[in-house]
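Here's the structure we're looking at; comments come further down.
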């Protein structure tokens, strides 16, 4: 028995002939609403961050002048003779970030160039998971490694370096290795996106692979690579556990990487371990430093996004 | 036609055989390749060293006591049981909180929001920013929010799950969007041309094809949350926990927190415990990542 | 008797006028071919007939397009229903990543058809699309395992399953080899007994083979913008278009003076 009878011509099979909507589809409208609200909740989160940070920060800056905070060089929030100059924290963060990048950038880019331009597809399949594993190791474990192996075993026992229990160098180096996968994978994506036609054009002129890579592919992928490096900076600035464990707890201006120091994130982590009454100055201090951290990473991320956009426009 | 004279006579330039000076085997090229190999070797060496040293240090305590005992002030009697259970419970609740919300938001942003409206672009930019915010900020956020709500004791599973949910929410959204984007438009057009509504097309065609990607990305995001300690520290999770976590309002600790705790003690025995607990944590992470990769390889559609 | 009529239709993408001033009737149970060089708006016009152009940002239509006497762009018209009644087969076969059976069953399910036997409906759709014999033993296998020509017939079967009155085909054979093309052309001639078929084709011989009526389009450059806007040049019985066209431009195209 044919179920497709009465075809052709105007509808005669009992269906309404009008084209207007048969049912208002209320269920669908509800679903659309739920989806839309979910998306808007993300804006709520950012707003909540801003409010949660603004209130204690305002209280903080009512007691501590902004300039003293930003440019003072003594950080001693809990002492009787307290001082709230954040420069020691910022310089310690700068040290760990610079050290981390000086490890992550050369080796990350090296890995990226190798994977993108030189590696046999089967080798890639083996090597990329290695990078992914590096990226997946929890930062506590990295921190433990930095403290016990790098600082204690390597620096103090093997190399007999003049250093104490903690050092900015140990934390920085390990943080750098942690960031290698970030820089490597984004840079590798950027370089892989450079069209093959460009490489072939260069090869057709007689350039070898190194020249093609350095003079054609790398510059073409530059915006993406810069985005990767900037993202690496952002991760270094925001990293907490490695520095909390291995960089030290004394807030001081670090002059020599073998010394210890306390970064912004290290301070927040250590301070939160103590008991801070909500609304007290110590509590507000947490958020003032947190606000500085948030703003810094926000700026760094915007820069990175700008470079990604420039890169995408080209290809 | 005038003969070309400016270039001069094009003379025979020698054989093309043999290893040319500037070719793939020039000293510079070889040096370059060696440097590249060295970069990878370093990453590899570091990874091996980390795993091996952690393993060596921790193996004395890799026994069942680690899994069954509670932390104690005497290292010989301590174990990581509440930490393991706490980690699992917190991650379970994190998934519960963040997956529905993140996937719904991702669906809306990718499939139904009008990109030309400025506020939708703001939402997109906002999600990108949130994805790169340091994890400790989410701890501070949760702390502030809970204080504002009058919650006194923030060392509860719900608070930890909340902080971690906020942390990985942007990642879930981004992963959902990318998975949906990967489904070819022809499928969507074919469905609509039959008289299906956009919502039917989404739920019956596009989402089923996106599920493997979303699942893989979600598991990877959750495994990242499993390894996080900073936001939970802010919420006061670093306390001595000698009981099993038993619900949303229960006190808790997690493996990363416990590792941090033991690492910070001066006694060497606690360091051994920290290493052993690290091995357990790494094993858990390896299991989660393996599941994610299996899902990706078996179910991911290749268009 | 005309099923679809277009009255002075212009189709815009944003500010760009893709096709202008189209007035034509499409008659029931006939095959009408739209032919002409690239860029003269044939596909654009076709996609306006079942409101698929709604999916393109900034696309809009002026003039009137009616289906069974009703203007399909009237504000209270449900575009979803329009698309069910006026089906579409695309240039590149686009089966769903499902089994052959589920590809066919999908449409009836989502539009709320409740057939007494889905198996029978699937069989009938596949039979009408001249595909049943080839797939009846592998209904549960993935549609991606079929050849290009089979996939296109599957797409036709899937369209038939939702009981449309009109089937639009946008260059349905351009991705297929000549044998597969021939089978689809035979299918079209069979189908026109039950459906009205409108096809866009680059292949003049195809139009000459299958179409009852043919419309020739060309593109006129716009002096100010330099863009080319499509116009309907001539619309007539196929034999007249090919043997004795009224317009010189039609004659030039048919005889290959420009392509």
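When the chains are written out, they are named A, B and C in that same order, and each has its own residue count from 1.
By our rule, a contact is a pair of C-beta atoms (placed from the backbone, for glycine too) under 8 Å apart; a residue touches a chain by one contact, two chains touch by 3 or more.
Small disclaimer: the values here were computed from a predicted structure and weren't measured.
Trainee: Quick check: more C-beta contact pairs at A-C or at A-B?
Mentor: Looking at A-C and A-B side by side, A-B shows more C-beta contacts.
Trainee: Counting only C-alpha atoms to place each centre, which chain is farthest from chain A?
Mentor: C
Trainee: Could you state the distance in Å from the CA-based centre of chain B to that of chain C?
Mentor: Their C-alpha centroids are separated by 47 Å.
Trainee: If you average the Cα atoms of chain A and of chain C to get two centres, how far apart are those centres in Å?
Mentor: 50
Trainee: Between chain A and chain B, what's the gap in Å when you average each chain's C-alpha atoms?
Mentor: It comes to 12 Å between the two C-alpha centres.
Trainee: Using the touch rule from the top of the page, what residues of chain C touch 2 or more other chains?
Mentor: Residue numbers touching two or more other chains: 80-81, 85.
Trainee: At which residue positions does chain B touch at least two other chains?
Mentor: Only 197 qualify.
Trainee: I need the residues of chain A touching at least two other chains; which ones are they?
Mentor: Where chain A is concerned, no single residue meets two or more other chains.
Trainee: Tell me, which parts of chain A touch chain B in their complex?
Mentor: Chain A reaches chain B through residues 25, 28, 31-32, 34-36, 38-43, 45-46, 48-49, 51-53, 55-56, 106-111, 113-114, 118, 127, 130-134, 136-145, 147-149, 177, 180-181, 184, 206, 208-210, 231, 234, 237-241, 244-245, 265, 268-269, 272-273, 278, 286-287, 290, 293-294, 297-298, 301-302, 304-305.
Trainee: Can you tell me which positions in chain A touch chain C when the two form their complex?
Mentor: 1-4, 7-11, 13, 17-22
Trainee: So in the complex, which bits of chain B are touching chain C?
Mentor: Against chain C, chain B makes touches at 116, 184, 186-187, 189-197, 200, 204-205, 209, 301.
Trainee: For chain C, which residues are in contact with chain B within the complex?
Mentor: 50, 52, 55, 57, 80-81, 83-85, 87-88, 90, 92, 94-97, 106-107, 110-111, 155, 158-159, 162
Trainee: Please output the residues of chain C touching chain A within their complex, sorted ascending.
Mentor: For this pair, the touching residues of chain C are 1, 3, 28-29, 67-68, 70, 72, 74, 76-78, 80-82, 85, 115-117, 120-121, 124-125, 128, 160-161, 163, 165, 193-196.
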